[in-house]
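Letters A, B, C and D mark the chains as written, and numbering starts fresh at 1 in each.
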Amino acid sequence: MAEALVLDGVAIEDTFAEAFGMRATRLVVTAASPTWARHAAQTFTGFATSVIACGCEAAIERELQPGETPDGRPGVSILLFALSAKDLQKQLDRRTGQCILTCPTTAAYGGIAADAAKEWLGLGRSLRYFGDGWQIAKRIAGRRYWRVPVMDGEFLCEDTVATIKAIGGGNFLIVARDQSAALAAAERAVAAIEPLWNVILPFPGGVVRSGSKVGSKYRVLPASTNDAYCPTLVGLVPTKLPPGAGAVLELVIDGLDADSIALAMAEGIRAACRDGTRRGVLAITAGNYGGKLGPHHFHLHRILGALP
Amino acid sequence: MSPARTTTCPFCGLLCDDLEVDPADAKRAPRNACARGRDAYESLAAVDGPPQVAGRAVGLDAALDAAAALLRPLRRPLIGGLDVDIAGMRAILALARHLGAVVDHVSAAKQRNLRALQEFGAITTTFSEVRNRADLLLLVGDGWHRRFPRFIERIVAVDSDLFGPPSRRRIVTLNPIGRDTKAALPQDALHLALDVVPEQLPVLIGMLTAMVDDRPVDPRRSGAVAPALLERCVAWMREARYGVVVWTAADLEGSHAELTVQAITRCIRVLNGATRFAAMPLAGTDGDLTANAVQTWQSGVGLPACYGDGRVVADPERFASPAVLARGEADALIWVSSLGQAAIPAFDAGPTIVFGRADRVFDRSPDVFVPVATPGVDAAGHLVRGDKVVTLRLPAVRASDRPSVATALRGLLDRLGPPC
Amino acid sequence: MTGLTFELRSVPPGIVDGSVLQPAALAGKSRAEIERLPLAAWNETLVVADLFALKGRDAQHVTIHGACDRFERLGAGLDGGTLTVVGGVGRYAGEGMRRGTLIIDGPAASHVGAGMRGGLIDVTGDAGDFAGSARPGAMAGMAGGTLRIRGDAGDRAGDRMRRGTLIVEGAVGGWCVSRMIAGTALVLGAVGPHPGHQMRRGTLLLDAPGCELLPTFNPNGRHDLLAIRLLLDSLAAHGPGVADYGRRAIGGLDRWLGDLAAGGQGEIFVARS
Amino acid sequence: MLTRLEGVRIIDPAHRAGGAVRDLYFRDRTIVAAPRDDEPVDRTWDCRGMIAMAGAIDLHTHIGGGKVNLARALLPEFAAAAPVPATDRCAPCTAGPAPSALATGYRYAAMGYTACFEPAMLPVNARQAHFEMGDTPIVDKGAYALLGNDDFLLRLLAGGAERQEIADYVGWTLHATQAMAIKVVNAGGISAFKFNQRSLDVDEAHVHYGITPRRVIAALARAVHDLGVPHPLHVHCSNLGVPGNVDSTLATIEAAEGLPIHLTHLQFHSYGSEGDRKFSSAAARVAEVVNASPHVTVDVGQIMFGQTVTCSGDSMMQHRNARHGRPPKWIVMDIECDAGCGVVPFRYRDRDFVNALQWAIGLELFLLVEDPWRIFLTTDHPNGGPFWSYPHLIKLLMDRSFRNDVLARIHPDAAALSNLRSITREYTLDEIATMTRAAPAQILGLTDRGHLGVGAAADIVVYEPHPDPEVMFAAPRHVFKDGVLVAERGEIRAVTRGSLHTVKPDFDRGIERKLEPWFARYQTQSMHSFVIGDDEVCECGHSARLIAHRCVRHG
């Protein structure tokens, strides 16, 4: 039996978040103003909460200052995750083509260092055909770009972007007295994770309420509601909720590497637990499937123990 | 040797083979020769000088002995001229291999056609195709008339009915301003004159190319040529069933004229997308095509080339004779020239040995001069015609003691002994 | 360890192929071996010791003092390290080089950087014709790397250029970037006639307001294109002239498209004064 | 001088001497019977353990003439990269994709080839071809004159000329050009291209003359047969390189109406149009017809991976295929109301689907055509690859596991579409000797070549057996040309001049009454200028020997 861990009065369960391998890339989108970069990025990352139905998971990683982008303009960095390089390529083509190429003043660059590259995906390589033969390839400072004539001038994007091996499905669950307490804690966690590099929270506002279990009584569904954590099913099913728990919310974290996910989970959990007793946070736990789903296990005690 | 009744003129790339030798007087210029040919035949008939060593008359053996003695210790001879027949060129290359010499033909102009061929390609045609098939001719410059006096008479002003009743040829002249060539054209041809400042020729070719390729250029920006004339020319080019562009490389302006040749070829490529068009880069005079052809088939590379150190290396800049001489690199100049009269470059760094046309005159006597037979006059020979495809045998028109280039150089080679 | 230095003792009687005098060919060789290395000439093969005195050891840093235009192909095929030539060089310096740095402290004859694929050539003096072009007969010129000429360049700079960057800080002669296939050329001085003749693709940046362009180039208006900004930013390290051009390009350059006689997908930018 | 090759294993399919070990004798330039015991032998070569074959014969190799020289001129960058330095016997030269005449002679001889035939000599370019062949050392030469796109013949046919008159014209052409045989290239198509017709199938009418390629082929095959020219009409079919051209090829066989016909570089004419890429192998279909048609002989025109250059008289197809060429520079010529030519460099790549399948199709033909007396080893040099790749090609034919190793490296889709892997045939040494010696000599009418019988020319190659046939065939131990030791282990020992082979069929000189005004009216040289005499052709070849072969007239 492991030692009990309590943070600001909140019990941290001795369990682990179970995550799985993914392929990821980072895209840097710039535009004439932060607003237009954001428009492009938000559209690009829309409907990208879960690979199950969206084909990928994507979100804005950070907004970038002019000094941080390849072309010195304001921008946004986006992380895009999928289960394979092929899936990633498909989503990249569609989303860049529909959401960045279309958006005024934008340009798109790869954001993964070449030396970290596992594999290269086409970016401009397929988009260039929009130029109908008038597209121009250009090598600048060792990188190859495509210049596609569009109605506001030229759409500039890199020929290829690097992909790396990454991890999806880092998570933790906030068990709280009631819905408002759970939401407030989740918001604190999101705010703590937002400035971090290498991770994204793909769900709306960074939070998911529809935690799931594997399987369903309906044969067509692969997953269904996580009944053990549903407060409205207490008494009908075997519950995992402690007494007094009225709501649970989950944060799902995709990251480029295990350390970044661990750091994000730790920062998020600490923020959720801050002043937890008073704010009605009861416990922190994490979702796993007994180690069957993925090779990456983030043990809550170990993560938090590693960080004073 | 009994003189032939008809003969072939060696003095320009047309190699007209309809010349008739007067059986009573072989020293008279043959009938049908143009003015240029006549002058050469008569000039050659008027002289009969022996070989010379340092300006003094000697026998052939003595001259060859002297040449061999001069050459034996030297390492870097330049063999220039090269306006000779095939057998002569074969002998020159044997000598070059023996001496480790640089070889270069006197005419540098044909490099322009060759460079364009090597860097872009070519779509070309030959004399009989032009004669029977061409319904449109674009004549660039005036070299076709000045350098090839019977070009119009023998190839253009012929009403061929080979492919049905002859139609009136359309002819566009792209003349240097101020040089009217209309008088040289066939009387019944439909003529369009695009006069152009020579430096602007590549610009004009580019404009025509863009127009036949349907690119949105503005013909008013092409300078001196009126837009309506340009548009007419483009219409003619598109309507042609078989168009031919004729030029002489030596007359193209500027030091990068191979770009103009490439521009013309590009235009012809575009036109062949829809109709048939071809180039006729007139050449062949002074054995330029002959020398390069023999060098190319024997060695696999063109002229100018260096046979030093048991290798053959071609380099149009490094081994161009003016460059070699300007650097003072050569230690002997061997000038071999049985067809033309181009000036022999001044050379002071070593002996000058000339195997030249018998009627050559010198300001300063070379160390050795061996008058050689001119192929097609004093001896039989073979030359490549100006359209590159046809090689003709040129019979001798009269008996002569002059050795052919091949004979003379073989004599020299025999005297040189094994290579050092 | 001091760099390996060749000091010219006697001028060769004619053109010599100097391509052996570079790091890869010299590495690991004793001084005696280097002195016996052959230098191909017209009808004889000289050896290094016939012409040069040697000093130093480190073959990664080779310096040739007193070279002249009789030495051709210096640094040809250079694949790393540094070769510095003090004095002029003959034709084809740096031909086909892939990596490393070739510094020519003096003038270069024609065809410097012909067919180069990578690395940097820095010519402090003037260059002859066909800088960054190809050998006669070969199809593609310079295909990568950077060729910087601080003086003037002759005719046909960048002829058939396929990739890479050519910077001429002085003037260029006629037919600049003729038949260019792709790549970037920047000329800070005056430009001779017919720039861009038969250019198929690629970018030529000029600082010659009012220069005359071929009628087969069509005006395209004034543009401030992101790609050009990125390009000029990436070149700014090549000296104040280039950096200044980059600053002046902000707000737009006049753009011309052509050569329409050759497909017309090349671009010439001209900075306003 | 009497020479003995002692104890050599004789591979001589013409005499069914498959492997007997004995002494082989030749006196001066001729193979002789074993001498009487008292007759002194001047020189004995110890050849025990070695193999003797007749000198090899390449019956289709572009070694001389305008288009080859254009190809040389076109590619200086490759020639510069392939220097052949001088030796104490050989002059310096180069061997790029279109090698120099000198390198051609040296390399053929060093490889044990003693006769090479230029298959596409344009009549108006014949002098140049003879000069180039004359500068090709050591090996014997001969050339096939190109007809079938010349306006004189097309006009004769369109005017319904008599069979006799056509034969006279063909006979006159053979004499006037000093040729060995007649070849037709894309019958009528080269001419049609000059009229802006872009393709011409076997039964399609020429836009001006209204006649079909079938007519041209039938008339020429008949004329060649009537004149008794030993080599049958040498045919380069219509639609070279076009997917689906197998139908044209089979129609061409039919067009010969049962008369002998030789189909050249058949690989380029055995394409189907099936599959996703609309390009497939039709080798099996072609081979089946060839196997069933004893009047047909073929050579393959195998492609070899690497850079080469194609030189062809077929200007129509070369213009059409030029866009696939690498490097992207090419030449097309219309020539003298006589013929045409096209020169397009190609870089065949094993990872390219089309090239890989072309490679497989060539090998399929080699392995599916059953009779080695009717199929010849060629790469259509240099069009499919250089002739010096023959040893490699022989290994592909003789060694199935090697073949399958290469097959595993080519474009996988092409490998999957070919049935090459399932073909188990391996050529025997005897079959290789047949297809490279005995059979080409027979089909060319060279009675004293291609075999080692008494009376044959002493063109003899002695090989050291080696488990790797590529090694064995690349550099034979001794090569004797007309009795002179010209090469040993790949090194040239003596530079001799080979002979020129021609045919001199009988014909009615009356045809000149039509030809003379034709030249005067339409050509830019006179008939007199056109004709190459016997003395002159020897002069082209530096006084080389002229061997004129007899023709027994049929018609």
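Things worth noting here:
Rule of thumb we're sticking to: a contact is a pair of C-beta atoms (placed from the backbone, for glycine too) under 8 Å apart; a residue touches a chain by one contact, two chains touch by 3 or more.
Keep in mind that this is a model prediction, so the values were computed, not measured.
Judged by contacting C-beta pairs, the busier of the interfaces A-C and B-C is B-C. Note: centroid distance subunit A to subunit C, computed from Cα atoms, is 48 Å.
We define each chain's centre as the mean of its Cα atoms; on that basis subunit B and subunit C are separated by 35 Å. Separating the CA-averaged centres of subunit A and subunit B is a span of 75 Å.
We define each chain's centre as the mean of its Cα atoms; on that basis subunit B and subunit D are separated by 33 Å. The set of subunit D residues that touch two or more partner chains comprises 75-76, 80, 329. Within subunit B, contacts with two or more other chains are made by residues 118-119. For subunit C, the set of residues that touch two or more other chains comprises 136-139.
All chain pairs that touch, listed by label, are A-C, B-C, B-D, C-D.
Residues of subunit C that touch subunit A in their complex: 163-164, 182-184, 201, 203, 223, 225-227, 229-231, 233-234, 265, 267.
On subunit B, the positions that touch subunit C within their shared complex are 75-76, 100, 102, 115, 118-119, 199, 202-203, 205-207, 209-210, 213, 215-218, 221-223, 254-256, 259, 262-263, 266-267, 306, 308-309, 315-318, 327, 329. The touching residues of subunit D, counted against subunit C in their complex, run 75-77, 80, 327-329. Subunit C makes touch with subunit D in their complex at residues 135-139. Within the complex formed with subunit B, the subunit D residues making contact are 64, 66, 68-70, 72-76, 79-80, 82-83, 85-86, 91-96, 98-103, 122, 124-125, 127-128, 131-132, 135, 151, 193-196, 208, 319, 329-338, 521-526, 528-529, 532, 536, 539-540.
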